[in-house]
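Below are the structure tokens for one structure; questions will follow.
Read from first to last, the chains carry the letters A, B, C and D; within each, the first residue is number 1.
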Amino acid sequence: MTGSPTASRPGTGGWSLAGINPVWPLLAALVAAIVFMNPGFAEPTGYMNFLKRAAPLAILAAGQVYVITSGGFDLSQGSLITLVVVGSSMLTDNDPAATAWVIPVMLAIGLGVGAVNGAIVCFLRVPSLIATLGTMITLNGLAFLWSGGAPRGYLPDTFRFFGRELIHDVPLVRFVPVSVIVLVVVVGALAWAMHRTNLGRMVHAIGDNPVAARLAGVPVNRVRVTAFMLSGLSAAIAGILLGGFAGVSTDVGTGYELEAITAAVLGGAQLLGGRGSVPAALGGALALTAIFTLLNFLGLPQPVRQVVQGLILIAAVALAMHRRKRTGT
Amino acid sequence: MSLAAASREPTGDGFRFDRWAPLILLGGAAAIYVAVAVATGQTQYLTLDNLIAILGRSIALGITAIGQTFVILAASIDLSVASLISATAVLASVVMDGSAAMIVPAIAAAIALGALVGLANGMIVSVLKVNPLIATLGMSLVIQGCLSAFVSNFAGSVPPAFQVFAYGQIGAVPLALVFLLSLAILAWAVLRFTKFGSDLYAVGGNEEAARFAGIKTGRVVLTAHVICSVCAAIAGLYLASRLRSGAPWIGADGVYDLESIAVVVIGGTVLAGGRGGIWGTMAGMLIFSLIDSVFNIAGVDTFAKQVLRGIIIVAAVAFYAIRSKRIVA
Amino acid sequence: QNFNDPEEFAKQQEQLQAQPNGPEGEPWLQYIGDGMVETGDLGIEAPATVCFSNAGVNNPWRVVGFTNMTEELANHQSIGEFIHVDAEGSDDKQIADIDDLLAGGNCDVMIVSPNTTAALTPAVEQACESMPVIVFDRGVNTDCPVTYVHPVGGYGFGIEGAEFIAGELDEGDNVLMLRILPGVDVLETRYSAGRRILDEAGLNVVGAEFTDGDNARTKSIVEDYLMRGDIDAVWMDAGATAVAAIEAFEDSGYEIPVFVGEDQQDFLRKWEEEGMTAIAPTYPTYQWRTAVIAAARVIEGEALPGPEWVLPQPAITEETLAEYVNPAMPPLHYAMCGCETMETYPEAWGGN
Amino acid sequence: MTDRVIEMRGITKTFPGVRALSDVSFDVRAGEVQALVGENGAGKSTLIKILSGVYRADEGEVRLRGETVHFSHPVESLRAGIAVIYQEFSLLPERSVAQNLFLGREPRGRFGLIDTGRMRAETRKVLDLFAIGGRIDPDRIVGTLDVATQQMVEIAKAVSHEARVIVMDEPTAALNDAECEELFATVDRLRERGAAIIYITHRMREITRLADRVTVLKDGEVAARFDGAPDPDAIVHAMVGRDIDDFYAPPARADEIGEPVLIVTGGGNASLRDIDLTVRAGEIVGLSGIQGAGRVALAMALFGQEPFERGEITLNGARSTFRSPRAAIAAGIGLLPGDRKSEGLVLMQSVRDNGMLTPRAFSSLWSSHRRTAAADIGRIDDLLDRMEIRAASYDQEIRALSGGNQQKAIVARWLSMRPKVLIFIEPTRGIDVNAKAGIYHLMRDLAREGAGIVMISSDLPEVIGAADRILVMQEGRIVAEFGRGASEQDIMHAATADMENAA
């Protein structure tokens, strides 16, 4: 290169108030409102229960955000949850000792379904919206086929430990639900992989411009399949928590995929790829759960809750778009 | 010369596979239908009556999918059609309330509601710049919430004079089928011969280019949404007529949102917009009807049916997607 | 449709007490009232083809019922082919299914389990024009079918549970009502009957929530109510999620209150284990057997109860609980299946 | 001919963090070609976007034929007779030529329906104004046309609007020499018809060939104005603020050229035949040829994107045919695509992430994103520094950078991989003179460090000035080879001669 090296290297962008993700103030406002309505919420029983309830959705959203950031959708998460719950009850067959191998099998199923989703998208070139719509329908059918329509077994308490039990005598907070520990571990790991590894940067890159990524040597298919696998894995974990929380039923997972997408989007993830954050998706999931909780405390009937959820969804994204336009990013 | 251009679809004006793919798929589905009927010795399923029964299976889906084609061509999407179908069916049935004199006001009310929802969807998408998936998902929640705040069951009733819509015959052909065909022809003509049709393809193909050419892109997207929602309203009217009353769950039960999208995509319209058309959508609808009928003739187990349906959706889209070189997500 | 019909309420209240006709110990053959229809002149040749348009097998109750039905077929030589089409819970699809069956021209007798009452009426009417039709479970608004097979009904179900609660609680006590979904006639009437009795007993209904039949949702809803105040009884319009509701009390550290469930094994077992104060009204799945029996009678030209075949609808109580608890059966098995004496029991129902 | 069609006075425009234009005045007259030049990021495109109503100026006024105008949308300027042909095409690949030409203003017939017959006829008429236009079928789907013809359609579109002012923002970026000549002829014709033409380019030759007047922008301000086409050095001086004496780097000395690093024998596939090619360490090989001759196809084959189906590649002694770009990169080949936006950049990511993309792609998925086998963040920052990239911060999204700076970030990406063979496709497309010189020197530096360089360029002087050896392609084959000192005529002749003569 001609000329002398530049004297000053461009600096690193600093932290600014305008840059803060709006999901956090939203969450803070919601929590404040809940505490105002029901001071009991500030007690460990209140907020730990809240976190426990939010855990499956938060984990799901943390997985979904990988697929969204890579430019796709995973609509099969909900059915996968159902499959995991139903399948676990079929496999454990009331045997407490079976949990030890059934859980790994379920995690493997989650990864496997993700791999299939990824393969359909990468190799059959079916857009993920359709591909995972297909797997959503198929997995639901499989869950029914496996159980004959009605689950034939209970989930033993060993299995339900993760979604139901509390760990007592914890200093400061008195008790911690096991599912909250699972939440922290899983979301922590997914956040690390998204924001501190090559994988995460490449997930962003392929969502941003897959052609450029491929020409830069990014193993696009491997990264994409990995994103779907993490999404599937998160659904399997969410399924284990949900099955543990309330036992077997054939429609546990119904609708969860859209809630997970909603949570990720509330957290600022960009549909069609290129932008996404795991912590913010967690924030989105907590905010969504907080909305439900708040509406519950207000004693509002289900229809009103639906309307409010719809309006908040639209408003949150509209606001994000407005900010983006204003800041020109 | 760019790499993208170099690896673009086959050059020249010759045979363009993707234009014919829906027809090939339809031929395949028909062949399977005939084969199953013959193989199981049930040749009575090959009569004209049966053909008409098959054609009439998915009228509501067909009407909805015609509307969905417009929004998808504009690179948008509409997840609110299912809720809107429920809402308009209930509205029409309640306004009619068994009285033939109220048919016209009821139709007007339903269409007006459709137009209003379409307008709202279109505004949210084109003015607030909210991703259409989120916008219409939110709208769907709002509609369903409002609806179930007022009714939780069949409401109102449809006078016999209006039941003609669903049950009337013109000779041996159901009136509804004739209606669907006319609607399809109208939609085709709009896409093919009007400025709006041309603008729609432009906006879906390259929004920026369309805007620079002076096309009011927002207005085009908005109009597409109005058309889509009005079609859903018509589907709601048809279902009210068919079920003799409006129920707040018929839209969701029929999964008209996801199924109409699947039909459009199987019909060769690409989710990214700008390419596809009505006849593909009609082929897609017929494929769905044929699959249902094949399952019924072959006596496929309900749950296995679901498994197969998911696989078929993926396979059908893969059928031509796999040939494209573009990277999908 | 009126789901809060005092006449119907009174009629079913009476039917709950009525002494059924027919063989003792085989409730699926019994009937309340004495109306009969003759079928002698239909001239169907055995073995005949029976077509069944099913609303769906989208819940465990229907799964058990459908198994009852398929196993019952083996008992009837007069039924040759059995064609089953499943509408997967969609009215529109079920109408199309019936169209398909009629266009196919194969069926001699048709059984319909309608998805919803009003919507399926025209299709059933159309079917009636070309063959004898038997309707069961949910009804239709026409009397063209040969008979309509059903247990006493939703009011009866609602009454049994609510009267039990009223008997156990004092005036002003809190009751939570849980419902699965709106709009199904047999569920709406359960609720209206239950509500009427609870209100009349001066009980405080703290809420009536839809759970979508989902365990997790049920448990969350109950937990939320517990954060707001005490609950002295839980009334449910269907018992599939009863155990999840009970767990909400356990996990939040509350005593299990008075409970209304249904005849699902998991609930019955929990009831027995915890020594709960509970009752399980039933909507017996043995009616699925009855529908097939009715079809066979039509083919054979025999008389059968009609135009309504009202089956007995016993509730499971403290006293009879032990008879119905069976750890060998799956958790979501419905105890009131009337299937214990069938040849393939318990394997076909997933038991061992 | 002194009537000023366009007058812009005191235009100032700031973007968050950047002052793109300050107090710029600019005018154009009917029947003239006014060249607008300047370094990357100087503000040329921004000025045009203000003229056409894409952006609104913070200060200043725009006058059209003496009247102040406020366009708030490009359509308004188009209706007022200002047509802009942008750097990126704005054609719809799925629609026909006629549909594209009349996009948004289709002629209507009965019932307000589109009169397709008339649309086709009018298209014919417009296309007939151009030499090659006559060969274009109005019903042809645009996506099936080659790039030069698409460019033609773009221009035809502007002409069909009867625009009095036509702005061309780097119109030749995608064209080769012959096509450029065609374009120049078209520009001449438009000028004769009295159109006012604003012509943005980074190629001095085009200025000399076309310009009646020249305005030079530097850092958002007018640095110089010239009547007539001045000496290129004067323009360069005004643009860069100094002279560039060593525009092209010196050629390789004999002792700098080493062993063959890349050998292809008998390579062929759907678009290529009988490719025999040797690239040596330390040399720069230029690939020349007309549109469709197979240069990009050859690059794609070497890079594993459209692999050879016949023949073999030997890279540093090891034989292989690469089945994917990833395999090629792993073996030591790098490639700079010709279309930065769609093939090179991940626009929403930071400058640094763009630089780190390939190093990360060749590290474990699960290891830290800050340190990879090939490079860590510090090294990438050094390379970005060395490229003299102008950015507020390397954490800034790369999309806010000008084209030239974006290109430099991609170069940095490849440098970090220390490739044995580096293929540049149109490396200086859209890049200013200063940066161009930088790229040439950079290529030479890389060659000196032992890499073999393949450069595909449609800019003949560039090929002649920068390459040590020039291969000419025609119809998928290599038909001629020249050393340093070949003339443009030699190369053009080889590229266009009949097959027999050339063989």
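As a working rule, a contact is a pair of C-beta atoms (placed from the backbone, for glycine too) under 8 Å apart; a residue touches a chain by one contact, two chains touch by 3 or more.
Computed from a predicted structure; not experimentally measured.
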From subunit C, the most remote chain by mean C-alpha position: D
CA centroid of subunit A to CA centroid of subunit D, Å: 43
Whole-Å gap between the CA centroids of subunit B and subunit C: 36
Whole-Å gap separating subunit A and subunit B, where each centre is the average of the chain's CA atoms: 30
Interchain centroid distance [CA atoms averaged], subunit C/subunit D, Å: 73
Of all residues in subunit D, the ones touching two or more other chains: 305, 337, 342-343
Residues of subunit C touching at least two other chains: 57
Sites on subunit A at which at least two other chains make contact: 149, 211, 214-215, 302
Touching pairs - complete list by chain label: A-B, A-C, A-D, B-C, B-D
Touching residues (chain side subunit C, partner subunit B) in the complex: 1, 3, 56-57, 83-86, 88-93, 95-97, 99-100, 103-106, 116-119, 121-122, 182-183, 188
Parts of subunit B lying in touch with subunit D, wherever the complex brings them together: 1-9, 11-13, 193-195, 198-199, 201-202, 205-206, 208-215, 274-275
List of subunit B residues in touch with subunit C within their complex: 42, 44-45, 47, 49-50, 52-54, 56-58, 60, 148, 152-154, 157, 163, 167, 239, 242-245, 247-250, 253-254, 292-293, 296-297, 299, 302, 305-306
Residues of subunit B that touch subunit A when the two form their complex: 3-4, 124, 128-131, 133-135, 137-142, 144-149, 258, 261-262, 265, 271, 301-311, 313-314, 317-318, 321-322, 324, 326-329
Touching residues (chain side subunit A, partner subunit B) in the complex: 70-72, 120-121, 123-131, 133-142, 144-145, 149, 206-207, 210-211, 214-215, 220, 224, 258, 261-262, 265, 271-273, 301-314, 317-318, 321-322, 325
